[in-house]
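Chain naming follows the written order as A, B, C and D, and within any one chain the residues start at number 1.
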Amino acid sequence: MTPINPTIPLLILALPLTMFLVLGLLGPKMSHKAAGWLGVCGMGTVLILSYFTAFTYFFSGNEAFTDGVNRLQYIVFNQDWLQFYDKLVIRIGFLLDPISAMMLVVIPTISFCVHLYSMGYMEGERGFQRYYAFLQLFSFSMLGLVVATNIFQMYIFWELVGASSFLLIGFYYQRHSAVSASKKAFIVTRFADLGFLIGILVLSYYTGTFNFTELTSAATANGSYAISETTAFSAFSSFGGATFMGCSLFSWALVLIFMGGMGKSAMMPLHIWLPDAMEGPTPVSALIHAATMVVAGVYLVARLFPLFLLDDFSALTFVTVVGAITAFYAAVVACTQVDIKRVLAFSTISQIAFMMVALGVARPDIHHGMGYMASMFHLFTHAMFKALLFLGAGALIHAVHSNDYTAMGGLRKYMPITHITFLIGCLAIAGIPPFSGFFSKDEILTAAYENSFFWGAWMSMVAALTAFYMFRLYYMIFWWNEPDYSAHHHKPHDAPWVMTAPLVFLAAVSCVAGFIPFGHLVTWNGAPYTIHLDWSVAIPSVIIAVCAIALATFMYKKENPLPDRVAKATGKLWTAAYNRFYWDEIYLFITHKIIFNCICRPIAWFDRHIIDGTMDGFAWVAQRLSIAIRPLQSGNVQYYVWVYISGALLLGVVTAFFMI
Amino acid sequence: MDYSQFLAMKQEIALLGVFLLVFLYDLFMPKNSQRGLSGFTIAIFAIFTVSCFCPVFISGHEVAFGGMYVTNPVMLTIKNILNVGMLIVLIQASRWANSEMQVIRRGEFYSLMLVTLFGMYLMISARHFLLFVIGLECASLPLAAMVAFEKNHYESHEAAIKYILTAVFSSAIFMLGLSFVYGLAGSLYFDSVYFALTGADATDPMLIVALAFVMAGVGFKLSLVPFHLWTADVYQGAPTSVTSYLSVISKGSAAFAFMVILTQVFGCVYSQVWEWMLYALIILTITVGNLFALRQHNMKRFLAFSSISQAGYIMLGIIGCNAMGMASLMFYILVYIFSNLAAFGVIQAIENQTGKVDMTDYRGLYKSNPHLSVVMMLAMFSLAGIPPFAGFFSKFFIFTGALSGTESTALYVLVLIALINTIISLFYYLLVVKAMFLSSDEPVIAPFRSACSERVGMWITVAGILALGLVSCFYNQILILCQTWGLPSLA
Amino acid sequence: MEIKLLYYLIPSLIMFCCGVYGFLTRKNMIAILISLELMLNSIDINFVVFNRYLYPDGHEGMFFTLFAIAIAAAETALAIAIIINLYRATKNIDVRDTNKLKG
Amino acid sequence: MFSNPLIYFVVIPVVMLLGIYLSRSMAQIRSVAVAGSILLTALSVWLIVDYLGLRAAGDMAPMLYRGDWMWFSALNIKLSVGVDGISLAMLLLSSIILLTGSFASWKINPLPKEFFLWLILLSIGVFGFFISIDLFTMFMFYEVALIPMYLLIGIWGTGRKEYSAMKLTLMLMGGSAFLMLSIIGIYYHSGPDVNGAAHTFDLLQIAANDAIPHSWQYFLFPMAFVGFGVLGAMFPFHTWSPDGHACAPTAVSMLHAGVLMKLGGYGCFRVAIYLMPFAAQELAWIFLILTGISVVYGAFSACVQTDLKYINAYSSVSHCGLVLFAILMLNTTAMTGAIMQMLSHGLMTALFFALIGMIYGRTHTRDIRQMGGLMKIMPYLAVCYVIAGMASLGLPGLSGFVAEMTIFVGSFENTNTLNRVFTIIACCSIVITAVYILRVVGKLLFGPVQDEHHLQLTDATWWERTSTATLIICVAAIGCFPNFFANLIRFTFSPDIFAVLK
């Protein structure tokens, strides 16, 4: 008996794709409402189907999904798509395992919320149908990514999410900023994907396969696959210890693959696109740039985690270092930004870096590879509360028509629902119990402390910063000083139900998600275990968070000159943080000044003047020669004869000279 | 003396018959029926041309006058090719010959033309240098008179002067070379010379100089560089009909004769001596001809230089020194006759109508005279060697012929140089196409309908351009003949 | 004193060279024609002496010479006709002025 | 002779020529062109289906639908036809592009009749080239395809058309000069034919004989490769491409970039590598460097161009460079990828040029600095342009991705360090491609409208929609079902057929 009807997973992928095509091709002929509800209904169906699938996976107890103890990987279908040679085949398939099942919950949930929310947020926008088409395309790609059975399928959908992200960031295509932001997002992630691609090439060349099931897991008796260190080890040993520039090729492959993840997940130094990506409509930011796509990098590392483990931990160390630096950097920058979406964007970067660090510090021998679980847990909870925050921010922007929080303040009176849900989001991200963020972040910190005290302390510091900037944001929006709203043609008010309903729903999830027994569901090798809160970590971190919140309250609750003074006191540092430590400028310098002006232009010049000039030069030489020999045809017959006789003699003499 | 050996010369005798008929018609017909002369000439020459394909003329290898004269199917074929070309020239020339200016001299024009053709026959069939020289002079001296035909044009006189002086000078050089050959070999029979030279020291400077002089003498007729300088001036100054005759028929016969002399007389000193001389001549001819042609505006002068470089390509057929080379050479001549005559046909039609021969006058021609310009374009493409026109095939075969049976890298390099030169030639052929088709200017030449004879001439040449390559039997037939009958004495 | 082959050949060569020199330097076309005649005649000498000295058995050289003389005559006649034609048209037979066709 | 289906690839265009010559009105010309090209497309589709059937039935001959007719018996030149999956794919590509090109030239002016005559003459060359397996015939058709370009660009082009047309023609003819020498050289070292002749032009026979001495291969291989490489826009012989494409009329750019440039790649493997495996192995590195340079160089050059057609022309240099690059990797996967890249690039670049032509026809400028916000004015064309761009930068689901990935995976199979290094360099081109494509898309389609007058412009007409939609469907078809095409192609690249793969 098949454990699950393959039609359902197939529909999960096919439905959004169909919707995309329908909305894309017929959209212009539809009314806004029709298109919007079509999209919402489509996504609703996908939501139901994927919940069904995920719950079947987790709770049906079918022997294809679990051997009684461990959770197994199960391939629902796997269709050949492109064969390179006998073994190396790209397949399009559907892999069910703990993390993909978890993502099957996360993605449609957020996506559905965003679909619904957008009905209100995007109302009356030009290109409404297009917007829904792109949302469907994104959902399709993201779902395809997480259920990938092989690394190349992942790459395919990886590219597709990149493209749909590009299209959605550039939705307001008549705005310069939106266009350049979308371009930046695409190109930066593209650059990262180059690493990913080369990593895939290296990995697949040596292991001879793309399939996750052949890289990290071994087949079990009933057609499923279990994570197997032996398989991973054979993949590792197929490299035969080949090295390149002093490092093993295996490390290179993993680091390059991770580079793809760095791009998508906005790790330093490839993070620069994410803050700019906020140019897209806010629901898009919630869906793509907070909850789903940006965690693809984390997901990728989690997917290949058994391989990462084998690399003497050097690749994992790399992951940890990158994550830790990014987390801190983004948190610091978030403290200084004034655009609420940017604050949230940097907060996202920082939180994803948390997940990366969690993966980086995970070791199978420490609490059953607890970091892995914590990372996935945080991914889950973060998706919920960050989507909540973004959607809340969207509601605010919808109300005051500005991203800038200097245009906000005291909104708690006007927008109570938004206020409460936003507060829940802030509390969750700050790690205050019993909100979900507390649990997941606590697991991460525990894992970090288990790995080394340094990482633990470092991440605790970032957690404190998180609490601080989130509450800074919160106070600046909802308290602080109330600007003159009479300039608007109406007072700010709560959004229509299509927008508030998702907020309430996500807030509710954020409240309770922490109590999900994640350790039973998602672990690196499928072996369930029970999570115990480590109070020695939890209590100090709660205290730290509360202190940070208190500081924020002190500084930002009421309008006061303290923040300005702090800014002045920190001087250059504050300016640098405000300017995101000039990363954008550095990139601009490299791309425009160096690549454009020092590579592209010289090459174009070289092509036109040297290469093409040579070709034209041949013609020129021929013409010059033609002019040069013209006097030969002087018109004087004596001259002709002179040439004739000397030619004949020369012919004879030269030949004779060479012959004798 | 066995008079039956005259029978071997039946083609020459028939041609003489044609000549006499034309001559007598001109002499005895009353003045009022003189207008019929050109039609009469064309008619009987056409009959002659067609009948030359008849079995009565086809024979095996025949020798007359103690080996001075030889004929065989290969020679018959080259003569037939020349006949066809001659016929087209006659048709194309008839409008010009019928013009008021030429009426009184028309008879001479046709007679002289037939005499030159007779001379060429002799050049082709000669196996003795005496007969060859007679043929050569017979072919070139009347031409001087023909070049001078436009009595009222100064250019015609100047061209004739240049032609006759250079021609005599070159025949002097040629005969000086022959005297050396005679001194070395003791005979002027081709095969005797061949045998005499077989054992000779190839490095004998006398032989080399003799060879150089002989090559210069025939090279003059072929207008090989550096013996070519008369060509452009004469082509430009001569009446266009004469120019077209000079550029194809005269050149074709000389090319064949050149091959015969080099391979059958000096064949034994091939690899040592004249191979390198020929390489030099070919490279010079093709390149210099092309370079000169690049900047010409007068169409006749332009085609003169183009024909110089074409002569260089024709010479490539000699290099192979075998049947395939010979066949390629003959095929090249055949195709070249058609292509070049198509071009001259258009030039003549336009010149007769408007008196314009400058390339700038051709601008926008497609708009006013689409048919003429298409014919011209086909001619240019064929000359440039663009498929599917015959020129492509002839060029491909001439290169194939040149490289047949060789492993010599030098030869490949030579062919490569020739090939690169085709790019230059393509450039200037395209200039004509560009003037006619691409120019957005208003056409200089008003629309007109060309004379019937000119149209017939163009149809024939266009048919040739289209069919000669694509229909394989022409080349196949020529090659089979050459394999059977050509070049018997060569290794 | 025996008269050697070379004694003929050298004057013949000198004659030829004179002819060439004349051709290249004279302005008058008639003078050029005379130079050409010199060249042709020197060739005749060549043929005759080669025949006489080297190959006395045959007569090929002699015959060739006869024909060459005839050809030379024809050439000269034709050339003179053309020169006269030109003279009628331009009243000038300077070879260096007949250079309108060039380039 | 007429029982062989392949002959109709030449016969139909010849009949079309006649039909167009006799046409009296624009409508008749169009209908002849469209009907003929639909017929050709149908024929190639049918042949592909039939071909796959024959292969499935176990026909292992390297070429199917063989036909041999002696032409120049003296030189053993035959009119031999035969196709394998690759030629079939190319035939399909050509007929589709001819079809869409006919639609794109719906309103060609002036001299529509002449335009179509030349266009179809060009296509005769292309079709003939792909069906021929006799070197001479192949070469003849190759040149037939080249020369109509001169008039097509010179008469109907724009800008510096006379200069560009001349440059293009002369450079391509320069390439074919090398080619001709190489072909003659191959002929004289080909070894005997089955019919007893000493030499042969038959590709399969020459490959089977494998008699070309190694010393000669050293000489002939570069000649052949450069000869075809010029048409394949190999660095440094690519400069005809930007000027030529920029000045050519729409349909000509389409056909030229879409099909004619493929003749280069096709010839490179079908003649140079197939016939001279030894030299291919020994000398591949030289051309690998050149084509590797092409790939990045073209992409970098495209980054700073401001003329739409120049951008696309340089992008073609880069993409076609990738074709030759992959061919030189000399393994099955990469070579399969090369052919897929040919298909992909053919369709995609034809789409690009069609769109550029349509945009140019409206705005009368191709300078991206003078345009902007076209998405608002002509959404259909703009969306098509984005799709073309996405295909070009290798978005999965469109053709570029599958082709490039096959190439990269295949190239990486080659363990040689030089090949590896160049593979990675070539991979970098996907980023640069993204840069220049997005730059254009951003400037041209997005952003505010630059020129007030553009607001009056209309969106695509029905024939333009037909043309672009057909191409997009094809691009997506390859992108979504790559295995079909890969299997069609891969058969030929087996060691049994390609000696170099042993």
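Observations on the model:
One rule holds in what follows: a contact is a pair of C-beta atoms (placed from the backbone, for glycine too) under 8 Å apart; a residue touches a chain by one contact, two chains touch by 3 or more.
Because the structure is predicted, anything quoted here is derived from the model rather than measured.
Taking the definition of touch as given, a chain qualifies here only if it contacts subunit A and subunit D alike; those chains are B. For the pairs B-C and B-D, the count of C-beta pairs in contact is higher at B-C. Averaged C-alpha coordinates give centres for subunit B and subunit C that are 27 Å from one another.
If you average the CA atoms of subunit C and of subunit D, the two centres end up 65 Å from each other. The distance from the centre of subunit B to the centre of subunit D, each centre being the mean of the chain's C-alpha atoms, comes to 42 Å. Work out the mean CA point of subunit A and of subunit B, and you get 77 Å between them. Residue positions of subunit A touching 2 or more other chains, listed in rising order: 619, 630, 633, 635, 637, 641, 645.
Listed for subunit D are residues 170, each touching two or more other chains. Residue positions of subunit B with contacts to 2 or more other chains are 161-162, 165, 169, 232-233, 427.
Those residues of subunit B that touch subunit C in the complex are listed here as 129-130, 133-134, 137, 141, 144-145, 148, 151, 154-155, 157-162, 164-165, 167-169, 171-172, 175-176, 178-180, 182-183, 186-188, 232-233, 236-237. Of all residues in subunit D, only 167, 170-171, 235-236, 238-240, 242-243, 297, 300-301, 303-305, 332-333, 373, 375-376, 379, 390, 393-397, 401-402, 405-406, 408-410, 412-413, 423-424, 427-428, 430-431, 434-435, 438-439, 442, 445-448, 482-483, 486-487 touch subunit A in the complex they form. Residues of subunit A that touch subunit C in their complex: 630, 633-638, 641-642, 645. Residues 20, 23-25, 32, 95-96, 98-103 of subunit C are the ones touching subunit A in the complex.
Only residues 71-75, 77, 136, 139-141, 143-144, 147, 150-151, 154-155, 161-162, 165-166, 169-170, 173-174, 177-178, 180-181, 184-185, 187-188, 219 of subunit D touch subunit B when the two sit together in their complex.
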